[in-house]
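What follows is chain A paired twice: with chain B in the first complex and chain C in the second.
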Partner chain A sequence: MSASLERGLDRFRESLDADTAGFFATCVRCGMCAEACLFYTETEEPRYTPIHKLQPLKRLWWREYTLVGRIAAALGLSKPVTGGELADWSELVYDSCTLCGRCSLVCPVGNDITYMIRRMRDGMAAAGYAPPGLVGATRRAIELGSPMGVQLATLQAQIRHQEEATGLPIPMDREGADYLVLLSSMEIVNTPEMLGALARIFDRAGVSWTLASDAFEATNSGIQIGVAELAREIVMRTVTAAERLGVKGVVSPECGHAYMALRWEGPDLIGRPYRFEVLHILELLDRLRGEGRLKVDSTFNLPITFHDPCQVVRRGGVTEAPRNLLKMVATDVREMEEHGVYNWCCGGGGGVSAIGRAEELRLKAFGKKRGQIEATGAKTVATACANCRVVMEEAIDHYQIGVELVGLTELIADHLETEESHHG
Partner chain B sequence: MSAASIAFLAWVRGPGFHIALGLFCLGLVWRLIEIYALGRDRPLAPLRRRSGASGWWTILRRSRPSAEHESMVSYLAGYTFHIGLIVTFFFFTPHIELLRRAVGLSWPSLPTALVDGLAVVTLLALGVMLASRLLDPVKRFLSVAEDYVAWGLTLAPVLTGYLCFHHLLLPYTTMLALHLASVEVLMVLMPFTKLIHFVTLFPSRWMNGEHFGRTGVAA
Partner chain C sequence: MASIEVNGKQLEVDEEGYLQNLEDWNMDVANFLAEQEGVEMTDNHWEVVNFLREYYEEYKIAPMIRILTKAIGKKLGADKGNTKYLYELYPGGPAKQACKIAGLPKPTGCV
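Our next item is the complex of A and B:
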């Protein structure tokens, strides 16, 4: 057995807990999780059934941690997990799972399948079976500070453009600010207007904020690929900057995994609670709205629908904020049939958008979202995750379906109450 | 009535039952330790909601059908045979009488004709479950030998009980002995197959609800 395979199997062993063992023991192979997974519904290939994606991890548990399994293994009645098998499973654990968590929500016996896929990715990455695209993104995140290779100079250039466009300062490394705001590379590269939108909203609402030159990137590739040490290093950059600047809160941008990594898993990764609060940008905006500090003086009047980013809504619990904000700024909000915690993924979460070999499958999986969007009749889709947005924009271009994507924060900034309208 | 079938009945009623009960209890305790002694971590992030309470709600909530209409066959047949198993086991007069004589505990039974009808419905529902396992592409793909063994273990007590009650196929004594034997085999194997979900279903749902509950999502 190769050293890397042994390392991977050791990670499998370390990842087994009462939750995982209980879930494996309880599965009755009813197959209902298949219907909850867009990779199955859009391809109808049974191998994409979520629980099947865990088969090697389950067999390792059964062979080594159960009486019957140990007897079967001793008698040669069950085969050990091999490198070839893990290679075959790489597509199932990475390319065809966005960690969207929908299967975990419908399993009748209560198995949190996504929780287990996360653990399985730990072993897969250690054994060397993570997809090259994700390995590259993670390497860039560690070496350059961002999975897309965006460096400080690029951000500074975008800041200058946005300061000119808005006439407002975009503070960097300001000690004593209330909030440290993070960005995702996707925003810096594809939608830099987001920076200007934040500047306008915070100026109007009187929020003291700053960016940090050593921690501007929120995306956590370590979480997506499944390497806890790297995930910890990426979280620690933000924690160090936040504590150095003495902020009260850290604001996670319109990005799904960034929020999940920082808000829900970061303290476990670094082994202690934070000394600051973590908010998704929509949570902060909804708080400002509730305090009467965020107002609009015009509305978006065309039909609009909202795509729930899985990690923000189903896995992150930010369900009401996007709806409160959307109702404030738009007059014809059309919910998709399954929305909120029951939403369907865009097909590119969980690092899938960084996996080159998964592109064809990802476009196919988008069929679910496409059907949902088209059923609403809306030609504008708001969302709160830059990754969802880029994934959907690419698919919309590919299928030429004439739908516009917009970030909810930007939409609000575009209709913000101005000084003149406030006094006029 | 042959001497052999009387001896068999005496064995399954006496030593056989005690052995099965002993193995069931030992097997169950072993399995629960094997699974839950692995322990779980407590999250350090501040919770949005009391997640333990969320877990209890999930135990109830997952009994409702989900929004996936495609799984309707599994839901309908699944509900039917589970309810059928519970009712025929706990509310059939001879079963209650047996328990009263053994441990002195009893409760009102349901009319025999009703339980009898329900046994037929349960057998039909189990037939549908098997057909769906064989015909549904996903279920067929996921299925292993254990699934068919578990199906047989579940069916046997209902089938032999029904045949015994109606004096069909085999002499009453033999069929009654087979009925008891099928229950005993079920008891011995239950902890070591997926049928252990009759217990682990509850902690699994709780843990799932607890995970989701940390973020405030009602799962």
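Our next item is the complex of A and C:
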């Protein structure tokens, strides 16, 4: 057995905590998770059944931790987990799982399958079976501080452009600001207008905010590839900056897993509570709306629908804020049939959009979202995750379906009540 | 470390053939890399390569396809800022192939 395989299997053993062992023991093999997974519904291939994606981990548990399994193993009636098996499972654990959490939601016995996939990725990464795209992203996250290779100079260039476009300052490293605002790599590079949108909204709502030169990026690839140490380091970067600047709150951007990582897993990862509050940008905007500090003076009047980012809504619990905000700024909001916590994933979350070999499968899995969007009749889709947005834009281009994507924060900024309109 | 030889000089490239050092790049290197990719450089090809060099100079990042089309659209107009036009120039993937010829690292997406 190779050293890396042994290392991976050791990680599997470590990950077989009480939760995971309990989940395996209580699985009633009903198969409901299959119908909850867009990779199964769009391909109808049984191997994409979520619980099946965990088969090597489950076998290891059965062979080493159950009485019958141990006897069977001792008698040579079951085979050990091999490197070849893990290689075969790489596609199932990475390419065909966006960690969207829909399987965990529908499991009738409450098994958190998504959690187990994360644990299995830990072992797969240690054994060397993580896909090259994700390994590269993680290497860049370690070496450059960003999975996309975004540097401070990249952000500074975007800040210059957005300050020019809005005529507003974009504060950096301002001590004593109320909120430290984080961005995702994808926002910095692909939708820098988000920065301008934030500047305009915060200016109008009187919010004191800042960016931090040593923690501007929220993306946490440690979570997706399954390297807890890295995930911890990335969270710690933000915690250190937030405490140095003395902010009251840290704002997670329009990014899905950044919110999961920081809001829900961060304190566990670093082993202590935060000294500040963590909010998703939509939560902050909804709070400002509730306080009467965020107002629009025009509305978006074409049919529009909202794509729920899995990590923000189903996994993160930010369900009502996007709807409150959308109703404020748009007059013809059309919900998809299964929305909110029951939404379907864009197909590219959980690191899948970074896996080159998964492209064809990802485009196929988009069939679910495509059907949902088309059924609403809306030609505009608002969302609150820059990665969902790019994944959907690419698929929409590919299928030539003529739908526009827009970030909800930007949409609000575009209809914001201005000084002139307020007084005029 | 792999390398290529241009004008008698050894230049380091990564496992996928992307130049390791930005400053090793010049037009001869670009022509060499283009030939390896099976791309015949025309003025339109150079326009994209030069755009990428300038983009990298400012933003320090190699843009993935979506960002490239958007940024080119802004600067050179919609008839050039679209995937169809760029794929005609660089059939092996406009961002990847053109970045390689421009001496930039391989563009990457988010996770």
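Definition applied: the second predicted complex is superposed on the first by the 424 of 424 C-alpha atoms of A that agree within 3 Å, B and C clash if a C-alpha of one lies under 4 Å from a C-alpha of the other, contacts with A are read in each partner's own complex, and residues count from 1 in each chain.
Note that in this section contacts are C-beta pairs under 8 Å (C-beta built on N, C-alpha and C of every residue); 3 or more make two chains touch, one makes a residue touch a chain.
Note that the coordinates shown come from a computational prediction; the quantities given were computed from them, not determined experimentally.
Trainee: One more residue to check, A:E35. First (chain B), second (chain C), both or neither?
Mentor: The answer is first: A:E35 touches chain B but not chain C.
Trainee: Just to be sure I read the superposition right, which of the two partners does A:L75 touch: chain B = first, chain C = second, or both, or neither?
Mentor: neither
Trainee: Classify the contacts of A:A3 with the two partner chains as first (chain B alone), second (chain C alone), both, or neither.
Mentor: neither
Trainee: Should A:R140 be classified as contacting the first partner (chain B), the second (chain C), both, or neither?
Mentor: second
Trainee: Would you check which partner chain A:A25 touches, where first means chain B only, second means chain C only, and both and neither mean what they say?
Mentor: Only chain B is touched by A:A25; chain C is not.
Trainee: Return the chain, chain B or chain C, that is in touch with more residues of chain A.
Mentor: B
Trainee: Per the contact definition, I'd like the list of chain A residues that touch chain C in the complex.
Mentor: Interface residues on the chain A side: 133-134, 136-137, 140, 147-151, 153-154, 157-158, 184-186, 189-190, 219, 221, 224-225, 351, 353-354, 386-387, 390, 393-394, 397.
Trainee: Residues of chain C touching chain A in their complex?
Mentor: 58-64, 66-67, 70, 83, 105, 108-111
Trainee: Would you tell me which residues of chain A are touching chain B in their complex?
Mentor: Its residues touching chain B are 16-23, 25-32, 34-36, 40, 44, 46-47, 49, 51-52, 65-68, 104-112, 115, 263-268, 271-273, 277, 314-317, 319, 338, 341-342.
Trainee: Which part of chain B faces chain A closely enough to touch in the complex?
Mentor: Chain B residues touching chain A: 30-31, 34-41, 43-46, 48, 58-59, 62, 66-68, 70-71, 74, 78, 136-144, 147, 192, 194, 196-197, 200-201, 203-209, 211-212, 214-219.
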